[in-house]
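The following block contains the structure, expressed as structure tokens.
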Amino acid sequence: MSAPKNRMDEQTIAMRVAREFEDGMYVNLGGGIPTLACNFVAEGREVIFQTENGGLGYGNIASTEEADWDMFNASFQPVTYAPGMSFFDHDNAFDMIRGGHIDLSVLGAMQVSEQGDLANWAIGNLVDYDGDVVAWIKTGRFPPGIGGAMDLAVGAKKVIVAMIHTTRDGSPKVVKECTYEITACRCVSLIVTDMAVIEVTPAGLVLKEVAPGLTPDDIQAVTEPELIIADDLKEVEL
Amino acid sequence: MDKIVPGAREALADVFDGAVILCGGFGCVGGMPSTLLRALSELPVKNLTLVGNAPALGLEAQKTAARTMQVPDSYADGSLLLKNGQVGKLIASVPAMAIFRLEEPFPIVKALQEGQNIEVELVPQGTLAARMKAARAGIPAFYTRTGTGTYLEKGREVRQFDGQDYLLEHALKADFGIIRAHKGDRHGNLVYRGTSRTFNATIAGAAAVTIAEVDEVVELGALDPEAIVTPGIYVNRVVKR
Amino acid sequence: MSAPKNRMDEQTIAMRVAREFEDGMYVNLGGGIPTLACNFVAEGREVIFQTENGGLGYGNIASTEEADWDMFNASFQPVTYAPGMSFFDHDNAFDMIRGGHIDLSVLGAMQVSEQGDLANWAIGNLVDYDGDVVAWIKTGRFPPGIGGAMDLAVGAKKVIVAMIHTTRDGSPKVVKECTYEITACRCVSLIVTDMAVIEVTPAGLVLKEVAPGLTPDDIQAVTEPELIIADDLKEVEL
Amino acid sequence: MDKIVPGAREALADVFDGAVILCGGFGCVGGMPSTLLRALSELPVKNLTLVGNAPALGLEAQKTAARTMQVPDSYADGSLLLKNGQVGKLIASVPAMAIFRLEEPFPIVKALQEGQNIEVELVPQGTLAARMKAARAGIPAFYTRTGTGTYLEKGREVRQFDGQDYLLEHALKADFGIIRAHKGDRHGNLVYRGTSRTFNATIAGAAAVTIAEVDEVVELGALDPEAIVTPGIYVNRVVKR
């Protein structure tokens, strides 16, 4: 395991994610680290953020002074208004998502597999509870909640995962096969973590960028599948 | 035609044991029909099916989410019903949230640990919205890609269209829908505010009876006809918060 | 056949239809005679008219001076605005209709059967054209057009037909079995014509009211199924 | 992001032979995207599938409907395409209207009588709207009661839910949607006017490319965010009429 000091913080992960935002893109940011990325759009690019609770085209994360209970994102964070914004209900929000109108979905994850399978709504597997959701919830351990992730994972044109590279106890979250409940199969195309940027390709996982101070070996040590090192491997660019 | 009722209790007077209740909002303070939920928690009805995105996360979760923002005193959610043992089934996309670490267990966890017998059905958020819309629209069932390849396939019809798998999902029929809007008139026309429109406008008309709490009751004609989000035909009762 | 002089005109049929409008009802008026009925709501009743092209709560048929191309009903007639009115798109308009939110639908008809089957979108039957819609349209004879009638007939809580009692050549339009293409089965509960008001009941068609100057025999003469004469048969009340 | 294009011809430049085109409006003058239809009739594209409620009734029908009202000179509908022989298939709820008696045959009748080879598919109005909404929403198919017991059952799956028959209907996929709105901004946000919202707002987002003609182009931020009917994500190009 790499030392925490060489890991990027959540804001830095979000900054790296934001480099994927192209001019004119419609982007949905999921709960957790992803929602932070709206603050880091590159100068000169116009990116339209959709939030599944019914807003299109919001601005930044709001300050305490700007905060309004009727203007928040998928992480329950208040956001600011921007010109051109519109509001709609959940049915319409998910037409946009399910209907393939969102260019990019950034989601958190508990596990991502070599094939791009995503597990991001529960830590664990229903099989461990004999398929009984209630028994699982009753344990109080990482109670499952699907949210909008299943819709986003199948509906968005492109899915990026933004997450901490390992679990709290240091186990890999980039795995050969997901052992946690699946959100959707073969949907992830890029993984941005606090240690690396990894591309999901038909040939396998390609390590494209590493955090400052880390080597490919550091990443491989906490990654289950074998990584292909990109010819143009570089330090994470922000 | 006057759909304005004097109070939340009167608006909910015919809620019966075993009723299926759609609850508006996203899960955060903004869109939650707190006045109606509080009144429902004071009625002697039980074995309710509570349906919503995240209708019962509880006050502590809101305070954690709110960080430095002050959660209004008026706030209440479906956790009151859980505490009272009024819930027989919870249908939600987020019954509890793994990303928040609270001191106490989430209300649904606590209720189960206290020995309450509560069914829980997890529904993806978009499918939940689409099932409500289907109920409003008289569409008994539809197909969606959401959930394919997951545990949701179990017990569901999987069918291919154009070489792609889809799941059959059914309209979510309910007895009551309780929602929060910003302004309403005596015909039941409603407008919302910002992202608090959320599941509220989706639920309007989806249940047999829709009850809306509003910040303000306005005169007929005061709402811009081009900006009315929920036409009055979908609303049976309007009560001022 | 009864003489035309004893037949009620379209406005009078519409007046009679309007007596069915109860306070607080949501009513959709179909193209033709039905749309005229919005002008005859009884004093003291509040009736909300829905028009399938996306309006709820309009007022009357507009005068030429009031007419606006962006405010019209299902018959392409301009209507007036009334307080509480709202606009929406076709998808939402038909949620209201298909979803059972409309209390009363008033439709025109080409034929109504003894069982309440409705035929109101074509004069003729596809079988006559070997099932070929194009061949039928090519004849130019009564080209078919479904419009919103099929949705209204199955979706509204109650369906009333408003029509001229006979065809142009005097043949019955109230028939034992529809020979024209069906709109929906067993959906009509009341038939209001220029000659009579007839209720569709499980026991058969009940003649409830006759136009001034007409006898039950006059009605029966141009009606195919045998009519049951109501005990309280009366002259059409307006 | 600037979706405003200088003219209707530019907005339609990539329309190709055989394209499926959803056409907004109800059939009357108000909501018809006349500018786009006129421009389309001037392009060398053919074998189009024209889809709409009553997209090609022609000017004479409008004049009959309008009675004493003056049909605007700018008015045009899909009958222009029929006259030009550009239509290979017409999908409509009302291809012609039995209730109007015109001196000339309706345009579709005339085109067929002149020997054009045109397919016609009749679709009930609500089903047409729902099939467009399904296309926008990523729903491949759904069930509806509309059309049960009629000739529409032929060739369709009939399935019972709760003892009632329903028909399976499919999303209506299209290449282009041409619509008419009142105001639009450079993000493609749209508002409509009165009953001209009709099929226009239903079509927005339902086709691969949505093109809107508007009475007025306004600055970003000029439209009330609570009153925007079509969010810009559903619109690719905006052209001033």
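Order of writing sets the chain letters: A, B, C and D. Residues in each chain are counted from 1.
In the analysis below, contacts are C-beta pairs under 8 Å (C-beta built on N, C-alpha and C of every residue); 3 or more make two chains touch, one makes a residue touch a chain.
Predicted model only: the values in this text are computed from it and were never measured.
Common neighbours of chain A and chain B (chains touching each): D.
Comparing the centres of all chains, each the average of its CA atoms, the largest separation from chain C belongs to A. Rounded to whole angstrom units, the spacing between the C-alpha centres of chain B and chain D is 35.
Chain centres here are Cα means. That of chain A falls 38 Å from that of chain D. In this assembly, the C-alpha centroid of chain A lies 56 Å from the C-alpha centroid of chain C.
Listed for chain D are residues 130, 133, 137-139, 144-145, 192-194, 226, 229, each touching two or more other chains.
The multi-chain contact residues of chain A, meaning those touching 2 or more other chains, are 87-88, 94, 98, 155. Here the touching chains pair up as A-B, A-D, B-C, B-D, C-D.
Chain contact summary for the complex, chain B toward chain C: residues 1, 133, 135-139, 185-187, 189, 205, 219-221, 223, 225-226, 228, 231-234. Within the complex, the chain D residues that touch chain C are 26-31, 53-54, 65-66, 68-69, 72, 92-99, 105-106, 108-109, 112-113, 118-130, 132-133, 144-152, 154, 192-202, 229. Chain A contributes residues 23-24, 26, 46, 48, 50, 56-57, 81, 83-88, 92, 94-96, 98-102, 155 to its touches with chain D in the complex.
Listed in rising order, the residues of chain A touching chain B in the complex are 31-32, 51-55, 64, 67-72, 75-78, 87-91, 93-94, 97-98, 108, 122-123, 126, 131, 133-134, 137-138, 140, 142-151, 154-155, 181-185. Across the complex, chain B meets chain D through its residues 130, 134, 137-145, 161-162, 164, 166, 170, 191-194, 224, 226-227, 229.
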